[in-house]
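Order of writing sets the labels: A, B and C. Residues in every chain begin at 1.
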């Protein structure tokens, strides 16, 4: 959990906006450090977290969360964290075995045209509270869905429209029905394409998800070039605002990632420069 | 023109609000819903993009006449809790749906959003449905929200071609202002275009801040006033009035006064005269130096 | 995970057989060290050498076990192939096991071309520098009276017993001796030998990639590289070298068409490869002919599915070959991606303008800098010829040359 980011987003583990769909995106950069922030943030806030870790192993997230002060193994044992390890589950489908084990969540690998309905059903069963009957089950807060990352689904052959349907259903269930939050990471490459709509790639997916979300954090490299001390810039944009002020608000920060966190500062005020 | 559109729509009108990622047209759509409710019309909303609570949030007008058909919870039938699926978007199903709520007067149908439908239903089918709705019957007017950056230009163009009015919204220069480009086609075939800057207040009433009549003219209020280049210098390059007068009075060299000019132009007696009689040699044709052009 | 890790940080893909809390410290007595590996100083990852010491430095000390290194081939596949051979040769020298897959050349041919390791370079320098070395190091070490500072250095090895050093040097003008090569266990996958099965292909992978993935999984299970097998056996590292994936010989039309039919075959395979590597003690080097792939978005996806990625751009055949700026180098090297495994920050390279040069005994990667302008004519370098980065010394360099034309 990065304290400076908490103050930027006006959120603490004790009080944060519920029902938010946060979209983390990057362009020619790596925004996965923000996913680690949100993971440790929501675990600290005692929320029930469903994490779709599609690109890295569990021990990777566990090692980093440990540095941020949260233990993923403990959270998983207590039932607070439900972790889908995409890499592990996919092997049994990609290399056909005699006995098919594992959850049906990664079934889209078998036939990507089918869509992500099974993955949605996995999410739904994870976030909806298991009914009574178990003693000693702790009560957790609102459910949170974290996806790292959504663009790898495009690499595996799923169409961008199917991903948008999946995110819509997750939003309907997690945000609107259960008043929980969603954080999704989508990665783009290259410059923004002028010809929109024709190529159903990650740019189109980014636009579609932007329309659905309520808060975006867009990570990019510095426009002036490569710098070792400042790793890039983050543009925070609040989209849907209830109550007063219907306009969208944008803020720009520069950041640097350390071993145990990341620091955010106004452009030009990096400690390396001042 | 924005206020006119908000005030009333003729029968058989199709209004499309185009937005993009940088500015969401949701709030303007809610303004239209609020205006329609205030005019005591019956409004049916096909909600795909947002949930019922989010749509009704902030609408102060009485929501008795607002009927929400939720396609948000299960538009594709994945959870079997469907109220309305995307595949039900055709004229028969829609009229059936609208007739269920008994109303004497025709209904204003609001579609939020058309982009969702266009992702699953082919554009020709959507256009056909819109056209049939336009013809009349159960529906008096259709208002639809379209995310223009999610579709190909041809798709957006085809859908907007059917519309009687199109409003394209974009973020404005100041915080809560937005720019709306409006195109309206009246029944007589006349096309009016306008560009306005508006802002939406908390109760979803729209205030038009200013009008710009030319299509390409942008309201460029400079954010900061022009810096005066003659300020903050160690030397003085300004002129006082007396200094300016003196400057203008100064006679520059090689600038002849008017009298001298006229004297030079008129040749007086005794001065050399130039007599010119055109000669054959002077008749030099640039294009034909040998003078044997026989074209 | 078998690594002498002193800190609490977990190495990659660790799966403790006993249930432990995350704060249990690993003691040295329970671990077995694998020759040819060392822990990273940054985050305790287990690293292996790529065979090229300057590339190791660039990647943050070495290749982490469980990761993939993607090499975008140069136009004639000369230098990328060389790096692949260095990688495999390093595996032989460290007694790791090898898995070589190729669709173009027989893996046996590739193995026969491995460069010879330079083993006694330690001893070469010594007689020149220290002529006072009174006795052979093979005698008892206690007897060193004058050169007692050199007591603890490793002895000269003429035969390859087991090299515990990290990173070796190779002589590319000679090939590795067959005895050394055959000492290492090697698994092969040659695509023409695998008939195309008519079995149903799951997912978007094409048959050739499916067969490759299946074969690799079988080797990992059979030879005990899987992390889930009990720790009692002595562990070793499997080095996987995959040559020219994505080329037409793998039945993939990725490099042929602008709009390929199997656009997701290679990316799905890379996902499966990553899954296999993360759960085993292996490391992979994959070369891809990126100059044939037109779709930049696809190249971006491929790069992101690998952990490390570098691109080689050789000067041969391009107009840069005759450019005097580049006369010291054979090509440019671009670092496309560095991983951050088990830590937030990644080891970003200091400089982005790197050039490489293949010398007989070393493949060196250096920061590109312009050579001093010592020519007799005043050479004015146009902006377009520069590499785009280090536009340093043209101005000050020409000072030395202009003197000839000044007549005082």
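Note that in this section a contact is a pair of C-beta atoms (placed from the backbone, for glycine too) under 8 Å apart; a residue touches a chain by one contact, two chains touch by 3 or more.
Which protein is which chain? UniProt says A = Elongator complex protein 6; B = Elongator complex protein 5; C = Elongator complex protein 4.
Predicted model only: the values in this text are computed from it and were never measured.
Visitor: What is the identifier of the chain with the smallest separation between its Cα mean and the overall Cα mean?
Guide: The most central chain, going by mean C-alpha position, is A.
Visitor: Name the two chains that are joined by the greatest number of C-beta pairs in contact.
Guide: By contact count, the leading interface is A-C.
Visitor: From the mean C-alpha coordinate of chain A (Elongator complex protein 6) to that of chain C (Elongator complex protein 4), what's the distance rounded to whole Å?
Guide: The mean C-alpha positions of chain A (Elongator complex protein 6) and chain C (Elongator complex protein 4) differ by 32 Å.
Visitor: If you average the CA atoms of chain A (Elongator complex protein 6) and of chain B (Elongator complex protein 5), how many Å lie between those two points?
Guide: 36
Visitor: How many Å are there between the centre of chain B (Elongator complex protein 5) and the centre of chain C (Elongator complex protein 4), using C-alpha atoms for each centre?
Guide: 56
Visitor: In their complex, what parts of chain C (Elongator complex protein 4) are in touch with chain A (Elongator complex protein 6)?
Guide: Per the touch definition, chain C (Elongator complex protein 4) meets chain A (Elongator complex protein 6) at residues 8-10, 12-15, 21-22, 43, 202-205, 210, 213-214, 217, 264, 267-268, 271-272, 274-276, 278-279, 296-297, 300-301, 304-305, 340-346, 348, 350, 352.
Visitor: Using the touch definition from the top, list the residues of chain A (Elongator complex protein 6) that touch chain C (Elongator complex protein 4) in their complex.
Guide: 30, 32-33, 36, 55-57, 59-60, 62-64, 66-67, 71-74, 87-88, 90-91, 93-96, 109-112, 151-152, 154-157, 187, 189-190, 201-202, 226, 228, 231, 257-262
Visitor: Which residues of chain A (Elongator complex protein 6) touch chain B (Elongator complex protein 5) once you look at their complex with the stated criterion?
Guide: Spelled out, the residues of chain A (Elongator complex protein 6) in touch with chain B (Elongator complex protein 5) are 117, 120-121, 124, 161, 164-165, 168-169, 172, 176-177, 196-198, 204, 207-208, 210-212, 239-240, 242-249.
Visitor: Spell out the residues on chain B (Elongator complex protein 5) that touch chain A (Elongator complex protein 6) in their complex, using ranges where they run on.
Guide: Residues 21-24, 26-27, 49, 51, 53-54, 57-58, 72-76, 78-79, 115, 119-120, 147, 149-153, 155-156, 171, 175-178, 200, 202 of chain B (Elongator complex protein 5) touch chain A (Elongator complex protein 6) in their complex.
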